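Two complexes are shown next, each including chain A; its partner changes from chain B in the first to chain C in the second.
And then the complex of A and B:
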């Protein structure tokens, strides 16, 4: 079974990475604290914003926190698996990408397993605390089905955001630029989705549903779980989140492999 | 006098350098626009069709956000802090220390150059178009414009001094992670860059007015839309000047200590 072999190999590769990062324990804790304060900062900004206004596009503070926490949780996994894809350009320019090509495993897999950022524990701690807090503050009516759906949509969110990182990295095969595209396009776009998409112009909502499916990361799934309305879209659209993730990621993977096939080493 | 000619040379060089990296300029403008879309939409949704809230009209509030986004474009166009921190980490800063200029001033003047290029080629054309096509308020009297430009400039200086002083802490701490995030969060919230101070809870507003951050965005924005008017304008600019001076001395103090530290370590 090649898949089992790859799973085994993945854990071997990342456990080496984890051990390396734990050598710098102080830096590790500082980064986790940093991440948690940064996300808390966004949450506090939301609170101040709603202090006089109470709701944003019919979403209350706690509903917005819930929306935010879904995005952060899937992003945490994304950082572990795919975040380093954005710096593929550096590898290509330095010529260090070639070493991923000369080994007897899939280069995509090898590149993916190269790094494992343990600081994403910051994302996990933050989002899980928020989930617990929000569950006490508003009546979500958790059922087994809802929990299952939350997990499925987190996986969908990982695949969508991961797919986007893979797409951005694939641009490096053609343009030798990728990191910059992340900061210009994906970083601000991720910020947009911290707020319910209903507040944006219709064209933006449409774009985030059908072109770059950010809406399926948190907005549509959160609307299903919180039983909120999604104007312009049917209420059940959130259920498609895992499927959308799968399809989007496969397209991204295919484009990455296509780029790889026309990759020529810079030879430096 | 001779000294200032030297610093202007950095301004000119930075201006020309920006002209070479035009892709950077355009991409920065792109992300500035996305954030404008975000905050514009958020405030539109918060007002939810109301003509006014808390005594401020919707039109004025939208103008506040647009002006704020314009200023944040300006404030983000200089040398990024991590570039200087990287120089500290690799020891390259030692070369700058050997040269006959004041390093914080040298970076400030270089920033003038890259900011000027960014304003002329990207920000100004875009925001003029926005002001033509959106329903925004524009100051009626030319004097308000003068006050606004002065306040925006002071804000730039305050932001530069605080951010640089803060960035230099990396001389003392190898890892600034957590503190840096608290700092940037405080700067974005308490400066009123996205939420004006009058919508804050009272206790938070009281804290914010005693901090330098409000001088960066809140004061220039509020002057522009006329929320700060009459005698209050000069008073606010006076507060800004106080903070410019205070932050400048803070930066000098941190810089002196930091460069001393480099000498001790041998770079």
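And then the complex of A and C:
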């Protein structure tokens, strides 16, 4: 199928997914409210903490909010695009995954477009409000280049977090479990990025730069935009964020396809 | 040329041994032991265009493993599969365009959306042209009565409605081959009958080849002329259903209602195996004694109010085959 057809099909499947969710309107709005409340809670915790210390690893409260908002925004997009992968194990266990294999389209694409989590509007509202607020409080010195870089690094962040989701889901092809791995891998990795990596031990920083590259989701790009120092790492490292995202995602996709071919030989 | 060709098909699964206890669990993390399970071993058959084949066997016989290899979901361990000239596991997407698949127990429709939307999405997925889509939808709406629930979400459909929608969905792209896995499971008698009529119709009108797996022997009897029977991954029988009936269906049952039940009627050649008041069930072998013979014997001593002769159902024949194996089959039928 030509790529344009895929794009067209993606939007059709996704809009079907949205309409399916609107069948449960109350649950939808409750989730958005729930998400905003939860993120505000994290922001308030940050404020309480910094009220005492004034700054954390040379990052002020508003700089940290900015860092947090980048993570939330890319996570929001990531949920829309890739969150469905978390439940791959359920499909494999009850046999519904076969459905994706009797259709004449790429199963990765088909699975990805099957559900669409609209509740991430909560993430969008929260992060945009934070961006505006922070821009008033500290002088970021926005230039066209910085805005462009922010967008590019958000795409990088989506690909890194999405890549990890895809990677975790691929484990289901071998172990028939993925939901559990989500909680032991994705959840801690995301929580780590709520704070500037500089406060963590060197080994953790190194790990988040070169193994599971969550440092590139928000810490390194935010340091570039806010012109902050990144000890142990060169200042320009943040510019690699989109590239790291692309490479990491491609590896994840490749492993997922490898898992799929294993599934095709074991059937479970 | 056959539309489906299967030659010496084999599929092994490696099943990890589960060890018990804490140490066992730790050991299995490092070194896992596998046992080989041969789900399908050396199966061959070919199907001509326009046939309806009953593919049957007890649970765990290897039916769905075979179907999965024909649909391209599974890669065979050995052997040859050709579906409409395509090797399914090498060319899965192309093969998908040639086949329709209905799993009776799992819907392929979008659960939360009005039924019509599933059809529209499948139209896009299979790239069905507007006119073909319209033409097919018109036909299916009429024949399957889809319009009564097209705007109802799939989750609110009755099982019968859902099955009708599912089978229509599998035919939207005009596949020459249709796989039906338990298409009448859970349906009531009327819905079952409707489903069978429809399958028969599309087979005749569109020359669609149908591979039907089912546990409902009535499906087989009403739809198929030929069946492939497998057990433990091997083919046990491949041929006309009439022939199996002929060979294994020699036992008939004569049921008589007698005017007064003074005592059991004396019989030679038949055996009373059940009685209820003045009604008697008599089992006999068609080769040894005829029904009229038995009736004549009974009328000597009793007056018969009513009688029926029951043919064996294919179901009891099949279970007989499962139990006894095929040793009795003459070489002409044996495969």
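Just so it is clear, the second predicted complex is superposed on the first by the 262 of 268 C-alpha atoms of A that agree within 3 Å, B and C clash if a C-alpha of one lies under 4 Å from a C-alpha of the other, contacts with A are read in each partner's own complex, and residues count from 1 in each chain.
Everything that follows uses one rule, which is that contacts are C-beta pairs under 8 Å (C-beta built on N, C-alpha and C of every residue); 3 or more make two chains touch, one makes a residue touch a chain.
Source: prediction; values computed, not measured.
If you put the two complexes together on chain A, you find that chain B and chain C both fit without a clash. Look at A:2: by the touch rule set out above, it reaches neither chain B nor chain C. In the superposition on chain A, A:95 contacts chain C only, with no contact to chain B.
When the shared chain is aligned, chain C comes close enough to touch A:19, but chain B does not. Angle at the C-alpha centre of chain A formed with the centres of chain B and chain C, after superposition on chain A: 90°, rounded to the nearest 10. In the overlay built on the shared chain, the residue A:145 is in contact with neither chain B nor chain C. Of all Cα pairs linking chain B with chain C in the superposition, the shortest spans 9 Å.
Remark: chain A residues 1, 5, 8-9, 12-13, 16, 19-21, 23-24, 94-96, 98-99, 101-106, 110, 261, 264-268 touch chain C in the complex. The residues of chain A lying in touch with chain B in their complex are 26-27, 30-31, 33-35, 37-38, 40-41, 44-45, 48-49, 51-53, 56-57, 180, 183-185, 187-189, 191-192, 195, 198-201, 204. Taken together, the chain C residues at the contact with chain A in this complex read 13-14, 65, 68, 71-75, 89, 92-94, 96-97, 99, 101, 103, 106, 108, 110-113, 117, 121, 124-127, 153.
On chain B, the positions that touch chain A within their shared complex are 23-24, 27-28, 30-31, 34-35, 37-38, 41-42, 44-46, 48, 53-54, 174-178, 180-182, 184-185, 188-189, 194-195, 199-201, 204.
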